[in-house]
Each structure stands twice: as C-alpha cells, then as structure tokens.
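In the two complexes that follow, subunit A is the common piece, with subunit B as its partner first and subunit C second.
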Partner chain A sequence: MNFASLFELKRMAFRSLARHKAKTILTCAAIMVSVAVYIFMDSWIAGMERESRRNIINYELGAAKLQTKMYFAKKDEMPAYETFQDWETYRDILDESGYHAAPRYVFSGTLYSATGSAPILFNAVDPTAEKRMMAYTGYVELGRFIREGEFAVALGAMTAEKLKAGIPTRPAAPELEEILASELLSAADGDFIRSCYEASETKAAGENLAEGGELRFILKRNLPTGDFDRLWGLMDAIGRNDVRISTVIDLKALPDSIRWDKWVGELWPELTGWEQALLGKLYELDEEEQLYFFTGGGEDEKAAALEAMIRAGFSGAIRHTNQVIDVKVVGMVNSPDPANNFNVGYLPLDILQDEAGMMLEGQVTELLIRDKKMGAADMTSPLENPKTIRAALERGLARRSQTLPSELDVFFWMDYMEDYLGYEAMESGSSRIFSYLLFFLAFFGISNTMLLAILERTKEIGMMRALGMTTGQLYFTFMIEAGLLGILGAALGVLLGCLINIPMVKYGIDFSGMLEELGGNIGYRVAGNFRGAWKLSTIIGSIPVAAVISSLMAFFPIRGAAKKEITSSLRFE
Partner chain B sequence: MTVVKAKDLIKDYGLNGSTVHALRGITLEFQSGEFAAIAGPSGSGKSTFLHLAGCLDTLTGGTLSVGGQDVANLSKKQLALLRRNSLGFIFQAYNLIPVLTVMENIAFPLTLLGVGKTEIRDRVLQALQEVGLEGMEKRRPKEMSGGQQQRVAIARALVKRPALILADEPTANLDSKIGREILEIMVKLNKNAGTTFLFSTHDPLVMDYARRIVYIRDGQIEKDQVK
Partner chain C sequence: MQKKITVIWALLLSLFGWGALCAQTPRAEELLRRVDQNEVYQTIEYEGEMIIEYQSRRYVKTFHAWVRGNSDSFMEFTNPEDRFTRYLKRSGRLFFYSPDTEEVIPISGHLLKESLMGSDLSLEDTVNNESLESRFNAAIAGEEVFNGRPAYVLDLNAKNRGESYPRQRLWIDRENYDLLHYELFALSGVKAKEWTLIRSEVFGARRFPVESEMRDLLRRDSRTIFIMRNVILDQPIADSIFTTRNLER
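Moving on, here comes the complex of A and B:
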C-alpha cells in the first residue's frame, strides 16, 4: 500500500462523513460533550488538587519539617513526648541559609467553653516566626492572632462558633438574646451589639429560617475595624472567650519499676538482643513483688534503655500527667484551608515552658521550614528538597563545630500527607468515573455509527474488495473515517470545555455553604471560593486520544465486514 | 494465451443445512482476446462460475487457474492482488461509489495499484473517451442515467487494461437500445485493444454479440458454441 493510495482512501473517508451529515453531527456532538465534560472535570480536580497542596504547604505544614525520626515513624499517634531541644540553633542556621523556620509543639486536648467542649489539635507556636511563613496567620478574620507571653488561643472559626466562643457570625435568635441578657452589658452595649447584626431574611431567601424555625442573625461584615474590636471586647467582658484546655502531658521517663507480666508480655518480645541484654542489666526481678526494679546505671545506658522502650512501643516508658490550662480566645482563624478552621487552636509556645503549661523547657516537636522566597501562592522550590535543607543544616552546624543529632531528620511535607494524597488519588479517580462513563457512551456511539455506516455500505465494500482492495486497506479506510469523527468531536469538545473553563479558572466557584453543611471536611483542603486550573496535557491530549479510541471502536464493525464473503457482500441489498 | 482454465469445477453452497450444487463439474477454457458469454436460465450457475473465475469465491472441487495461476494455492491477499492486477468487473447493479465523482470512481482501481496522479488523470480521461463520456468526469453517479453509470463501470473495469473483464448480466438493468450501445462499446474495446470479455447473461442481445456462447444448465455445460 503506497502513500498515494492511502491518500485517496482518506479522501473517501472524508467524503463519507460529509455524506452522512446527520449521523456525523450526532456522533460528533456526543464526543464533544464527553470531551468537554472531561476537560471541565479535569480542570476542577486539577484546581482542587493544586489548591489543596498549596494550602497544605502554606497553611498547615510548611514545605518540610525538622523532627525526630521516632516522631515521624509514629506521626499518626502524634507522640507529643517525641521532642527535641536546641531548635533555636537550627532556626538560626536555616535563617542564614535562606529559610524561614518556625518551632511548634503539637499536642491534643479538649477545649471547654461555657457551653460545650471539642477535641482540639493544639499548635504551640512562636507567633512572630509563624507570621513570617504561615499564611493562615493572615486569616484571623475576627479578633487577632496570639501574642507572645499571653495565655491565649486563636481558634479555628468553625470550632469557636460551635463552642460559642469569640464573636458569633450566624447566631440563632436565642443565642443572641442570651448574650444580650448578660448583666455585664450596659444598655448602650446591647444596642451596639444589636446594630452589628442583621436578621438573615435580608440576606438570601431560604436562609431566613434555620431548622426548627429559628430566626438567625448574620454579623455585618462591613463594620469599621473599631466596631469589631469593641464587639470582641464585649464578648470578652461577658466571659464568652474564657476557655479551658484539658490535656495530658506525656513525658518520656525510664520507669522505676515494671510489673512482671508487662515485662514479659509487652516489653521483652519487642526488644532486640542487645536491648534485652541492656535492660536485663538495669532491672532486677523481685520475685515476691512480681516487679522488675530499676537498679541504677550510667546516663548513656539509661538514655539507650528509654529509647529502646519507646521504640518497642512500651507504654510504661511514657509518664502521663493531667494538665489544665486556662486561656482566652483572642481570635478566630478562617483560612482558605479548612483544616485550620475546624478543631485547631494556636497558642504561644513560650507560655507552655513550665508547670503552668506543658513543662516543655525548650522542647518542641517540630520545626517547620520554608524557603524565604516562597509565598502563600507558591508550591515548593527546589531549595526545599529535604536533602538540600538537611545539607544546609549540617554545614551550619559544622561551622559551629556541632553535628545534627542522629535522632533528627528533615522530612518533606508530602511524607506527612499520605492520607491526604491517598484520598486525592481516590477522589480524583471516582470523580473521573463520570466522565469515563460519558466517554464510554460517546465511543459506543462511534462504534454504532461505524457499524451502521459499514452495514449500509456493504455492497460498496464488496465491490471495492472485488476490485482488489485488501483487508488492510479496508481497515485503514474505515478507521480513518472513525478517527476523523473522533478528532472532529474532540476538537469541538476542547473548544467547548475551554469556554466553560474560562470563568471556572478566572472567577472560580463559591461553595463555602456546601462546605459548612459537610462540617468542613471534604478531604480536599479547599474552602470557600476556589478556582479551576488549566491542564494543558488534558486539553492537547484529548484530541489524539479521541482519534485513537474512535479508530479502535471501528475495529470490530470492520472485522465483521472483512469476514463476510465478497459475493454475499455484493448480493447484499 | 489461456486466461481461465477450469477442470471438473465444482461449487457447492451450504444453505440451511442442505447443500446446493451450483456447479457440478465444469471443464472450460477461455483464451485471451475472446468475447464470450455464459448463457443459461436463472439459477443455472452462471454467476457462480463468473465469481469463481473472478477469484471472488472459493471452489469446492476441481481445479481453476486464472491468468496462469492456480487459485487454490493463493492466499486471500494474493487473490486480492490478482484481482487488482489482472481482473476487471462489471456488475449488473453498476456498483459505483456514490461519494466519489466519475473521475474518482474510474480512478479507484488505479489508486489501488498505486499509479501516479497525472498518469491516473490521463488514463481516466482516455477511458472516459472510450466509453463516450467525455466531459462528465466531475459528475456524481446519482446525476447520471443507468446507461451512463454502466459506462462508467465499464471505464472503471478497463482503465487498468486487465487481462480479463468479467461482466455479470451487464445489460439486465438497461433497455435494449442502451444495452446495444454498451455492447458496441465493449465490442470495440475487444477489437481495438484486445480486451478479453466474459459475460454471464440470459439476454438474447448479448448472445447476439458474443462470438462464443457456453450454455449451462443445473451447473453443467449443455453446449459450447463458437460462432
């Protein structure tokens, strides 16, 4: 088969498409719609993913963390006892090397307000460092961010709302009445508070009555800043912002004694040979008491023994102390990353150092790291490769004649987000199923169109084969025809998909309402308004892919025609 | 030269479990330059013989060589190439490709042969002249009468100068005046260019023109008459 004959056959394919206009248009339309929907969905998903990842980096984790390897290994349990010291040195070195670094002590606890309680993930942070590199600090929409030295917490806005702390943004009528009923407020204060709200009927229809028929009020968002401050002050005055953290201080400590059954059942089997030897040396069994007693040992031995117990997951090596800390809510965080807005609180790190706090004495669980050149709109830079960061740290320490302790390492943000990334993969897969289904239908349409076209031209095909057209040329002609259908449909689909995408990418979609309905957790780290993203590979790729799939769809109908006896094709009416 | 050589040719069709014996041992030869017709009543096996001679179907028994090649030994693709290179067909129903112009229809066999563009053009115009359709190369089949379409089909069959043109009842759809015109064209081609024609027909007109008539009945030769 030479080129000239291929060219001629292609012309025949073109003409056939033109002849069967209605069918061509219908099939093209089906492909067009499916391609357009695919492009739209893909843009949506790409937008979600990009936004989510960017938010995780800029609002939650930074690009990388310095942390103990043990913490990293047990990160799902958030082992608050896995701390390290001397973070100031590391911070300074990172600063010299072009990185922002922010220390954090992360622990979990329960927050009690006057009306309720909620489990909270507390981040004890250095407010100044945090403001330099974490974007959520700019989203304290009511109140303000925490300051050093104060017993204060900035709470995720949704949680604050739920606990009835801070300024209520959408109070039901009784809640507002309760606030106004406080004896601590003057009549003028009451009028002022009332003036800050409007009944929600004036907002949007359908929102005017909450479930149960309650009237809701909505905080006016265009008040002067001074009014917000005054409002916050009044909420403070009536005690709405006084909350209590109840938590447990977990400290690693070598136990003085270990019950015999725990020793045999939980500890011993998890230890390696040399660890068993070490503990056998440090502890002695008292047969009568059924207890192993610590008999003394060197500092290094004690540290190694403790490390071995922790590694073995032995709970006896963690000492728990209940702790209660009273703090004031000073701000409500409402960032584009919903993870910050629900069940999260930020405290100053410095107030937790002694017995009044978490007995940290300079310890932190992590140091968040970010390239100084990267902003809230950026993903990671090459400089933020954990190996690069680690190298910079080691160089700086060497200059100070120090080394990085072996238990510490730098971990990339992605290493913490396996759950999220898994969710992302699953979610994008299931979202795409819909468009795959459309594709399937569209290409089934092509197959059907080709089947009919081939059936209709049975006699013609018989004649062409009689004149010496080979089976290969037969396949070529009709696959080209189907491929052209695919290209035409996909090209139109790309056009349509891009047209739909322009507003998606430019203005985005606001689904903050939906997010609230779902309790803020939709897996993706996007809140409120979010935009689609252009994905060039999909846009360009869909045309050849459609061409190839369409051609393949013509395969079976052609095979049917090729198998038919020429004489019976010729007789076909 | 012998163009078609059949010996004890048998063709059976399986039809709903029973067997139709369409050809029951045909021994026949056609030489190049012949202008011959296979005649016989409907269902006698004329088309079946033509299809076998045209390598469109496989035989059940006997031997058959076309253009000097034993067809039993040829693959599907080789048969396609044999048809492409050496055979021309004219069908009762013309069988033109409706989406293509007259020019392109006639060019089709040459396209399959890979002939160059300008040569195709020259040869198509020549063929059009031979069938008396000068100036009609841009028309579509549906814009032409039955006689004209059959002339296009003749042009398509002869344009590659095949060793043999097989014509299955070429005049059956035409009235006798047009049928005569068509036959005149074919006689002229046979005389001037030496093109070999083999018809199947039960049209007395065709038998009039044929120089040799092979009568068959129930798949067997009844009479082989050379005028």
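Moving on, here comes the complex of A and C:
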C-alpha cells in the first residue's frame, strides 16, 4: 500500500462520515458526553484527593511526626501513656535544620456543657508553635485561638454549636430566648444581641422571638469585629462558654503486686524468654496471698520490666485516674478540613502539666514536623522524608553529644492515614469504574454504528473488493472511519469537559449543608466546598485513547464483512 | 486559786471526754475493713435493673451479671431494646458485643470509665470489687447524721498514683457499718460522682447493698437507681461464662 492509496482510503473514510451525517453526529455526541463525564469525574476525584491530602498535612498532622515506636504500633488505641520527654531539644535541632516542630499531647475525653456532652479528641498544643505551623489556627471563625497559660479550649465549630457553647450562628427561637432571659444581661445587652441576628425566614431584624416554633435566627456576618467581641463577651458572661472536660489520665507504672491468676493467665505467656527471666527476678510469689510481690530492682531493670509489660499488653501496668478539668471555650474553629470542625478541641499544653491537668510533667505524645519553606497550600517536600528528618535530628543530637533514644522514630503522615488512603483508593476506584463503564458504553455505540454502516454498504464493499481492494485496505478504511469518529467525539468531549471544569476548579460546589447533616464525615477531608483539579494527562490522553478504542471497536464488524464472499456481498439486499 | 482548780478540773474532764470518745470511735482503718468485709466478694451473680432518669426522661435497663474477683465479669442485657447486648471483662480487658452488628468489639481501658448504656454508672462502677483498705489512707473527718442514720465520715486519699478516684469521702453507718453514701473526686479535686445506699440485705455474716442511687455530677439532671435481685454471693462460677464464645453465642 503506497502513500497515495493510503491518502485515498482516508479520503473515502472522511467522505463516508460526511455522507452519514445523522449517524456521525449521534455517535460523536455519545463519545463527547462520555469523555466529558470522564474528564469531569476524574477532575472531581483528583481535586478531592489533592485537597484532602493537603488538608491532612497542613491542618491535621504536619508532614511527619516524632513519636515513640510503641505509640505508633498502638496508634489506633491512642495510648496516651506512650509519651516522651526532652521534646524541646528535638524542636530546637529541627528548627536549626530548617523545620518547624510543634509538640502535642493527644487524649480523648467527654466535654460537658450546660446543655449536653460530646466525645472529643483533645490536642494539647503549644499555641505559638501551632500558629507557626498549622493552618487551621487561621480559621478561628468566632472568638480567638487559645493562649499559653489559660484554662481554655478552642472547639470545632460544629461541636460548639451542638453543645451550645460560643456564639450561636443559627439559633432556634427558644435558644435565643433562653440566652436573652439570662438575668446577667441588661436590657441594652439584650437589644444588642437581638440586633446581631436576623430571622431566617423574613430576614427582618428584631423578629418576634416569642413566636417560637421552628423559627431560626441567623448571625449577621457583616458585623464589625468589635461587635463580635462584645457578643462573645456576653456569651461568656452568661456562662455559656463554661465547659468541663472529663477524661482519664493513663499512667504507666510497675504494679506493686500482681494476682497469681493474672500473672499466669495474662502476663507470663506473652513475655519473651529474657522478659520472663527479668520479671521472675523482680517479683516473688506469696503462696498464702496468691500474689506476686515486687521485691525491688535497679531503675533500668524496672524500666525494662515496665516496657515488657506494656509490650505484652498487660492491663495491670496501665493505671487510669479520673480527671475533670474546668475550661472556657474561647474560640470556634471552622477550617477547610472537617476533621478540625467536629469533635476536636485544642488546649494549651502548659496547663496540663500538674494535678490540675493531666500530670504531664513535660511529656508529650508527638512532635509534628514541617519543612519551613512549605506553605498551607503545599504538599510535602523531599526534605520531609522521615529518613532525612531523622538524619537531621541525629546530626543535631551528635553535635550536643547526645543520641536519639531507641524508642523514638520519625513517621511519615501517610503512615497514620492508612484508613483514609484505603478509603481514597476505594472511592477513586469505584468512581473510575463508573466512568469506564460510561466510556465503554459509548464505544460499543461506535461498534454498533460501524456494524450498521458496513451492513448498509455490503454491496459497495463487494464492488470495491471485486475491483481489487485488499482485506487490509478494507480494515484500514473502516478503522480510520471509526477512529475519526472517536477523535471528533473525544475532542468535543474534552472541550465540554474543560468548560464544565472551569467553574468546578475555580469555585467548586458548596456541600457544607450536606456535610453537616452527615456529621462532618464523608471520608474525604474536604469541608463544604468541593473543587475539581486540572488533570492534563487525562485531558491530553482522552483523544488518542478514544481514537484507538474506536478503531478497535470497528474491528469485529469489518471482520464479518471481510469474511463474506465477494459474490454474496454483491447479491446482498 | 479557786479559778485554777476549776481550770484543771475542766481540762481533766475534757481530756476524759476526749478519751471516752476515742474509745468509742473505731480507727479509720478498722471502719474501712468493716466496709470491705461487707462489700468485697469472691464472686457474685445477680439480676440487675438500672432505672435511668436523665433530663426528664426515664429508661429502664435489665440485665444478668456474673462477676469474679476484680478482673472477670460478664453482663447480658435483657430489656427488649438492648436484648443480647453483652459486655465481657476478662483479665482486665473489656469486650462488647452488639446484636445489631453481631461483632465483638474490644474496648480500650479508658472506656471502662464511660457511661454504661447511658446510665450514671460506668462499667467500672458495676464491677469494681477491690478492697478500700489496701488502696487508701483513711482519716475520720467527723460524725454526721445521714438520711436519719448516725454516721462516721471518712476521708480517703489514694496510697499510690493511678488510683481511679484519688480522693473519696465516705459516710459509714455507726451501728451496722453500712456504707451509706460516698463521693468520688477527680484528681483535680472536682466532685465527679456520688453514690447513696437505698437498701442493703443480710447475706450470712455480711450486709450487702442491693439497691442504690448513683449520680454522675457532670451530667445535668441525671441519676440512676441500681437494683440487684436474686443475688448469689461467693459461689463458684464456671470459667465458660467469661469467654468470648459466651459473648458471641
């Protein structure tokens, strides 16, 4: 086949497309829609994934964490007793090496307000370090972020609303009435509070609050900052921001005595040989009491025995003390990452050091780490590789004639997000399968179109073959025709997909209402506004992929025509 | 001179009175031992009922419970809404079985402190069976009449760090050593819970509380009446009760 004949065959394919306009337009439209939907869905998924990952790094975890290996191994249980000291040294070394580092002590508890309670994940943080490193601190919607030394908590905005703490943003009429009924407010205060809200239905300020029912009021968002501060102060004055944290302090401690049945049933089988030898040395059985008593040992031996018990999961080595801490809500966090907005509270780390707090005595559960050059919109940098961070730490410690304790290690953010990454892969997979199905349905349409085109032109094919057209040329002509259909449809699809994507990428779609109804958890770490992302590989790749698939789809109908005897083709009616 | 004699007499009399009072008041440790003798058991099996009153609503939960020592317990709820919900504490580890999901869920230690089925009690409260004397230093804070009964008031402070409630205050009946009332304080000193005896029964040589009221003071307008029926104390309980197989059956 020379170039001239190839060109002639291509011209034939073009002419066939032009001759069957209706079929061409319909098939192109099907491909266009499927390609546009694919581009849109792919952009949506890519946008959610990118934003979620960015939010996890910048709003939740940092790029990496310094933590004890034991905590990491049991991270799903949140073992608040797995703490470490001297974090200030590590922070300083990381600072010298170009990293931000923020200490945290993470624990769970129940928060009681005057109206209800909610389980909360508390992050005790260094407010200064946290502000430097974590982007959520810039999203304190109402009130302010916590400060060092104050018994205060900044709560996720949705939980604060639920517990009726802070400034109500959408109070029902009875809730606003209850606030206004407080004896601690003057008439002028009451008028001021009323003026800060508008009725959701009539949008008229000063709606008759006594009507009650389902009437809701909306906090005016265009109030001067001073008014927000005054409003917060009034909520404070009526005690709305006074809350109690009920939690448990988990302490690791070598038991003075262990009951015989626990020793034999729970502890001993879980110990390794040398651990059994060590504990056998430190404890002695009192047969009369049926108790193993601690007989004494060196500090290193005691520490090793305690670690052995913890590793073995022996419950007797962890003691739980009930704690109640009175704090004031000072701010409501409403960040682009829903994980910060629901059932999360931030407290100053320094107030939890003694018996009034969590008896931390300088301990933390983790040190969050982030490259100083990275901003809130960035993903991770090569410097944030755990090995690189660890090497920087070890170099800094060596300069101080110290070494990194063996129980500590640096872990990457992804190591903590196995559940999320699994969800992401599943969601992305199922959405892509849906897109592929749509894609293939459209291309089966091409196969059908080609089948009909070939049936219609059976006589014509017979004639061309009688005049010397080879089977190869036959395949080439019809596959080119199908490929052209694919290119045309995909090009239009790319255009349509990109046009739909422009507002999706720029503005996104606001699903915050739906998210609130779902309790803030949709799997992806995106709060409210779902945005797409440009994925050039999909946009560029769509056209050649569509052309190839379309051509291949034409293969089987052509094979049927090529197998037919020329005389049968000529007689075909 | 007359004045001096009067003062000496007064001193002697007050010393005599103090001595007589001391002779009548048992030592704090002795009181704790009496309480432990009444309340600490080897094993217990009973049918329980919790009447929960929470913010003007009332819920009734019934269950069957088996407890052995302080490390093993098994509870199975029998009221229609929670039928077949089960809790197992074995060797200090807690497991929960929900008939809805038909799954056994291990619960980490601190959840022992969480509310049991929405009541004012935690699971720990229902299975706690450790002697007070071995864990607390006690001091007599005075004497009061509580619910019409003369009582000794005892202040307890934990001997070791890590005690669940490091400070407690007890009201002990002067005549029969019933524990009439106690208050539990968190480490920060905030009063977290209070318990009041409603009725106790005699089992052999001991008096055992079978009906009581618990208030979780962090919950607003909340109290739980805890009733034990058909109590069997210190009888062997089969090992098969405290198994995950029993939890899932």
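Here is the rule we use: the second predicted complex is superposed on the first by the 522 of 573 C-alpha atoms of A that agree within 3 Å, B and C clash if a C-alpha of one lies under 4 Å from a C-alpha of the other, contacts with A are read in each partner's own complex, and residues count from 1 in each chain.
Criterion: a contact is a pair of C-beta atoms (placed from the backbone, for glycine too) under 8 Å apart; a residue touches a chain by one contact, two chains touch by 3 or more.
Predicted, not measured: the structure shown is a model, and the values here were computed from it.
By the touch criterion defined above, A:Gly265 lies against subunit C but remains apart from subunit B after alignment on the C-alpha atoms of chain A. Here subunit B and subunit C are compared by how many residues of subunit A each touches, and C touches more. Of the two partner chains placed around the shared chain by superposition, neither subunit B nor subunit C is touched by A:Ala188. Look at A:Ile566: by the touch rule set out above, it reaches subunit B but stays clear of subunit C. In the superposition on chain A, no contact is made by A:Leu536 with either subunit B or subunit C. In the superposed model, A:Val324 makes contact with subunit C only, not with subunit B. Interface of subunit C with subunit A (complex): residues 69, 71, 91-93, 108-110, 112-114, 160-166, 184, 186-188, 190, 192, 218-220.
Across the complex, subunit C is touched by residues 77-78, 108, 110, 112, 114-115, 117, 244, 246-251, 253, 256, 259, 261-262, 265-266, 315-316, 318-326, 355-357, 359 of subunit A.
Subunit B makes touch with subunit A in their complex at residues 51, 54, 56-57, 76-77, 80-85, 87, 89, 91, 93, 95, 97-100, 104, 107-109, 111-117, 156.
Chain contact summary for the complex, subunit A toward subunit B: residues 1-2, 4-5, 8-9, 11-12, 15-16, 18-19, 459-460, 462-471, 473, 565-567, 570.
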